[in-house]
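Letters A, B, C and D mark the chains in the order given here, with residues in each chain numbered from 1 onward.
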Amino acid sequence: MQGQNPVFIPGPTNIPDRLRHAMNMQTLDHRAPDFVDLLTPVRAGLKKVLKTETAEVVTFPGSGTGGWEAAVSNTLSPGDTVLAARYGMFSHRWIELCQRLGLTVQVIETPWGEGAPADRIEEALAADKGHAIKAVLATHNETATGVRSDIAAVRRAMDAAGHPAMLYVDGVSSIASMDFRMDEWGVDLAVTGSQKGFMLYTGMAIVGVSRKALQAMETAACPRAYFDFRDMIGANAKGGYPYTPPLQLLFGLGESLKMLLDEEGLDAVFARHHRMAEGVRRAVAAWGMKLCANRPELCSDTVSAIYVPEGFKSDALVNHAFRTYGMSFGVGLGEMAGRAFRIGHLGSLTPSMALSGIATVEMAMADLNYPITLGAGVAAAQDYYRTTAGVPQQKAA
Amino acid sequence: MQGQNPVFIPGPTNIPDRLRHAMNMQTLDHRAPDFVDLLTPVRAGLKKVLKTETAEVVTFPGSGTGGWEAAVSNTLSPGDTVLAARYGMFSHRWIELCQRLGLTVQVIETPWGEGAPADRIEEALAADKGHAIKAVLATHNETATGVRSDIAAVRRAMDAAGHPAMLYVDGVSSIASMDFRMDEWGVDLAVTGSQKGFMLYTGMAIVGVSRKALQAMETAACPRAYFDFRDMIGANAKGGYPYTPPLQLLFGLGESLKMLLDEEGLDAVFARHHRMAEGVRRAVAAWGMKLCANRPELCSDTVSAIYVPEGFKSDALVNHAFRTYGMSFGVGLGEMAGRAFRIGHLGSLTPSMALSGIATVEMAMADLNYPITLGAGVAAAQDYYRTTAGVPQQKAA
Amino acid sequence: MQGQNPVFIPGPTNIPDRLRHAMNMQTLDHRAPDFVDLLTPVRAGLKKVLKTETAEVVTFPGSGTGGWEAAVSNTLSPGDTVLAARYGMFSHRWIELCQRLGLTVQVIETPWGEGAPADRIEEALAADKGHAIKAVLATHNETATGVRSDIAAVRRAMDAAGHPAMLYVDGVSSIASMDFRMDEWGVDLAVTGSQKGFMLYTGMAIVGVSRKALQAMETAACPRAYFDFRDMIGANAKGGYPYTPPLQLLFGLGESLKMLLDEEGLDAVFARHHRMAEGVRRAVAAWGMKLCANRPELCSDTVSAIYVPEGFKSDALVNHAFRTYGMSFGVGLGEMAGRAFRIGHLGSLTPSMALSGIATVEMAMADLNYPITLGAGVAAAQDYYRTTAGVPQQKAA
Amino acid sequence: MQGQNPVFIPGPTNIPDRLRHAMNMQTLDHRAPDFVDLLTPVRAGLKKVLKTETAEVVTFPGSGTGGWEAAVSNTLSPGDTVLAARYGMFSHRWIELCQRLGLTVQVIETPWGEGAPADRIEEALAADKGHAIKAVLATHNETATGVRSDIAAVRRAMDAAGHPAMLYVDGVSSIASMDFRMDEWGVDLAVTGSQKGFMLYTGMAIVGVSRKALQAMETAACPRAYFDFRDMIGANAKGGYPYTPPLQLLFGLGESLKMLLDEEGLDAVFARHHRMAEGVRRAVAAWGMKLCANRPELCSDTVSAIYVPEGFKSDALVNHAFRTYGMSFGVGLGEMAGRAFRIGHLGSLTPSMALSGIATVEMAMADLNYPITLGAGVAAAQDYYRTTAGVPQQKAA
């Protein structure tokens, strides 16, 4: 009532007015002949965001978790072995999901704070002489730790091992915010959702499916119905949907793609995310605090996970910021619970908005007697933002 | 641009401004401590709509089809037998979905235009001495034919046969528009979605789960992950969600429940739907045309499926109405393809809106040389609506 | 709550979603350097709608009545004589307003149902040898009677009399819906507002000011401040506004002009209004009722005023339609009070919407025992609409 | 596109979503019998905000400037003398407006940075033995200088002089944000608008009219029509409006009054504004810069006008902040042009939002080589905000 702060959770993101308008539609007929005029450019645009020319892209009403399930259940069979590294809560959950679907997961336990270990993946694949491993799973951006993995390196490792497994990548919190190259990296299944880089409401799982994955689909024996690629691809090919489509999100996606691809351009989008993130990282350094990401090149441009000093509880910090200042940050998850908090900095943000988040964390930390100086993180971020300010940031909505 | 007509598809429905506002929200933190204050009344309200005191209600990001899958996969095991009558496109699709998930479906083929045949269900169950049948599936409102089945009768048939199978009911296009009594009818799994009687955007599957179904869940062996009741119920119990919730739709549902339960009242909602429907049926009679529903007591109050006269193509009619008058009706599906069109009359409608649909169909029929008199159906509906008009219909939004 | 009917008042109109979105903006800085990028095309577009190349166009926060005052007070002096015909409530009110501002109004009393009497205007001007008359006032579309006057004829009358008076035209309920030619007709002051043909919220008065009027402005002695053209024109020239502008309506106007001028085109807009209106008139004829407009060529394309039969009270009809069917029509005003009701048919409408209005009036009339046949007016309008249906009416918003 | 910053102009304010929803309405009939149900509580609520029990409140489609004109033209006659102090751009403009309307203004020139000089007003009134002065004009909150005047002191001065002049107060940028007591202070005409403390779109002038002013109205000879109180009061008394009302803003006002009066409470609203303002003032002090307000007790809680150091141009600063950081502040006006910039801090704001404004100004100042330390103002404001943080700031919209 007394003002509305931006959120600093690592998705769903702050939604630009323009996308709220696009999604605030009255019901239209999804079986009407003009539905295809909506669907076709959306699918084409998604391919550009995924940087693929050969893959199919399918969209399901569901969350990103539904995308994980769709990717796996459509291309594998019960009992199949998949290789996956666990280095955060979201890689962990995908592993669990595979197990529930009857797959055998060969887990490479990796320290949280690291990314996908290309060397150990290569090792494991090289050791798999019989090619029992059908899939390698990698979480591009581990939202729990703020770590971006090097997917190109994973692909090189797979190639080096000469292994035919398919590559499955969770790009939920990276795609449309950080560079993702489906074709170049040889990704077979790429999973994302509507509520992160696309800045829309939660409710659409988006999956890129390579030619190789489409072939695997023909023989995959995992039972599936709702998320069945075949129905979706078949219906899409005729300009339709196998069931009631999330029309609102398709309209939103159409507008979002226009903004990302046609107006700002992907490179500018990525650079903007990097700039927002780097300002936050400067603040963290000024506070004398440590990121969960072990090395600079691992730092995510969409979310920063930050260790609180010894003796402090990150949940208390997040809770306090919410209750006292009405601002939302991410709590620590899994191994990071209580030890780290997260600042989401993806989607629709300005330096000024980022600074409001940094300034608010500082107040909350001071309230809880953290050893920080008010304004210190803000000043570091200001210094960075102002020296990297190029062009005007805002146009009339 | 030149005006916006209501839609007359059988869902998604026309969305009242008030619900559009409720859903047009800026992002809030779904992990914040106040999320539970949103979720709790929504779950309580859904139980009232389902008329259950003992069941759990779960909500998934997904369409109604996802609800079908959730109901089945959480409570049955591959190889289990289910008994289902096929009497329309949506009962057909649910059967297919079961088959994909590895269930054996014992199908009772029923003429389209009829509802769930309680007598034949009783027969089949009585014959199943070994209780191989684990579930009876019934489509409460068959959206393809405009037929409402008598679920109480199905329950009586099951009881008469003394059979322990669970009762699964698809209430996607009936719940919140027509009377539904989960506890009284002994429904074990009740499936619906956000985009019909709740008048929201597509994107949420809602499932009522009886105590008996919850027990079955413990041993059910169908693989499931995204739609797993256990995760959802466990997370909900702690005031959370197993993954990113469709926050927008939860807000919408909160407002919709307020309108349905607290303001209008379910009985008034059902009476209103009946009145809208009956007006449409009077128009159909005045046109000298036949409903797909074989008998008056089978007529759905949310959708009317109407046979076109011999020699005419219903698709052409629907297409023409869309292209020439910008108004959407439902095409015939499955056996009804080409032979019938559908007028959806659920959700947010007034007699005046219904009359605009009837008048527009008449123009389209006249354009295509149907043997009808312009204004005849309108007059019949007007006569019915005006003689049943009681109280003021519209208040300021 | 149970559905939303279109309104059939003669403005404000039903607002298309697209314009609601354009006006649903977050606050922007009206003193920012980009304000001029908003204002400039709006002013240019308004000139196109007024069909003037030489006039200035000014916009004030206010209603159409404010536009009347602005036109008069900026160009005349206390004691000046103006010539005005009174043929309805709105011409009457403009006369009254002039009197309040200290002008002498020479009134030509004209039967309601007639338009501006060019012959009597010519007479009066011819008789005014001393050129005491400074202005001729004409109401282009008299909203109270549904009469469109022939402004070109008024101009010809003025020219025939060789009289130098300026021509002031109230185009509030005509401009942007019916043809208006400021330059060709030699209109000096043209007044309209945001809430009629532009389909926006009430709140902006729009005035076209000819070169001659601008000259008169220099010597006009009526006191004025808020509505002072000089401040507005001066500020506009520098890309600004003399006080806080109605930013929302300027954004709305920008979008509305795009729709009217760039997408549909004025001729198509006028033709659409004529078609909507003619359908309503056919219904009126089928009811055996009479329009207030005395002759077909006087019929307005934005509003029809309809006499109720002897012995009936039009207010009761309008009231009943509102209370029983939730639909709004216009009551009779002034001389027409109780004797006529009005159907507004301007702005964003489809034939289907118009039919819902016609059908609802019929129900209300039947309820009140009017001697009409249900469906008769609808059928007449259907017949007209369907035989004049050309191209698709509706595109996705 | 890349994020949306709050505005820091001194009105129009950032609009809460809830008010945007209330104003984003489809057209309803302003002549319908339920219009009065909207109007009545709005008028009653406005009286509570003005703290009057005896005055009438009228609302006109127009800006605050229209309110000035309405107040004056309805209660005075050409040639009347009014006494007014000039101490900023807005008091200056009101003086000018009076002159245009034919009034004689006795101006007390007062240094900008001071408020209404009660002593000199008393002096002038005491000297006016013949009671030629009919009105005393005071600007409660001078938006150009960020100075709040002591209206109670002005009233005491008038009483001390035993002078019967009426008291006219411009409360455009104070009412609903800072305490205003119409009855207690003996204010006869109180003027405000929709776009400041009420947080709505620009477009409604609101005027409180005392009993004494209502009497003056009967004999006032200034010509007026659009803004005529008599028409408005007469129509309002019958539950109507003299012309098309700004329905959208009445709905917005209804919701705004609910928020201000029923939910937050006026005292809490004023305390919140004071807290926001004081944080900004702490930042200004930390920068080593000076407010235009000469003394602490003069400081406005809705806007701070801040002198830039010698040798700097405030317009360049405001311009740079807009172009480089997409954030809007107020420029210096009149005497303050180039010498001061303004931070608006009224309406819907949180400490976090205020900090984003302060942090952004700092970046802009650093860019332009102001002698400030990045983060210094932020730290001072943080310190203040966090030590005054009481209760949770934000609830779900």
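By definition in this document, contacts are C-beta pairs under 8 Å (C-beta built on N, C-alpha and C of every residue); 3 or more make two chains touch, one makes a residue touch a chain.
Not measured: the values here are computed from a predicted model.
Trainee: Suppose you hop from chain B to any chain it touches, then on again the same way; how many hops at least until you reach chain D?
Mentor: Each step joins two touching chains, and the minimum needed here is 1.
Trainee: Taking CA centroids for every chain, report which one is farthest away from chain C.
Mentor: A
Trainee: In angstrom, rounded to a whole number, how far apart do the mean CA points of chain A and chain B lie?
Mentor: 34
Trainee: List the centre-to-centre spacing of chain A and chain C in whole Å, with centres computed as mean CA coordinates.
Mentor: Using C-alpha averages as centres, the distance is 53 Å.
Trainee: Could you work out how far the Cα centre of chain A sits from that of chain D, in whole Å?
Mentor: Roughly 46 Å, centre to centre.
Trainee: Which residues of chain A are in contact with two or more other chains?
Mentor: 4, 14, 17, 24, 26, 28, 322-323, 395, 397
Trainee: In their shared complex, at which residues does chain C touch chain A?
Mentor: The contact residues of chain C facing chain A are 17, 21, 24-26, 28, 34, 37-38, 251, 395-397.
Trainee: In their shared complex, at which residues does chain C touch chain D?
Mentor: Counting only chain C, the residues touching chain D are 4, 7, 9, 11-15, 20, 23-24, 26-33, 60-66, 68-69, 78, 96-97, 100-102, 193, 195, 201-203, 222-228, 242-249, 319, 322-323, 328, 330-331.
Trainee: Touching residues of chain D toward chain A in the complex: what are they?
Mentor: Residue list for chain D touching chain A: 1-5, 14, 16-18, 259, 263-264, 272, 322-327, 348-353, 355-357, 359-360, 362-363, 366-367, 373-376, 378-379, 382-383, 385-386, 389, 392-395, 397.
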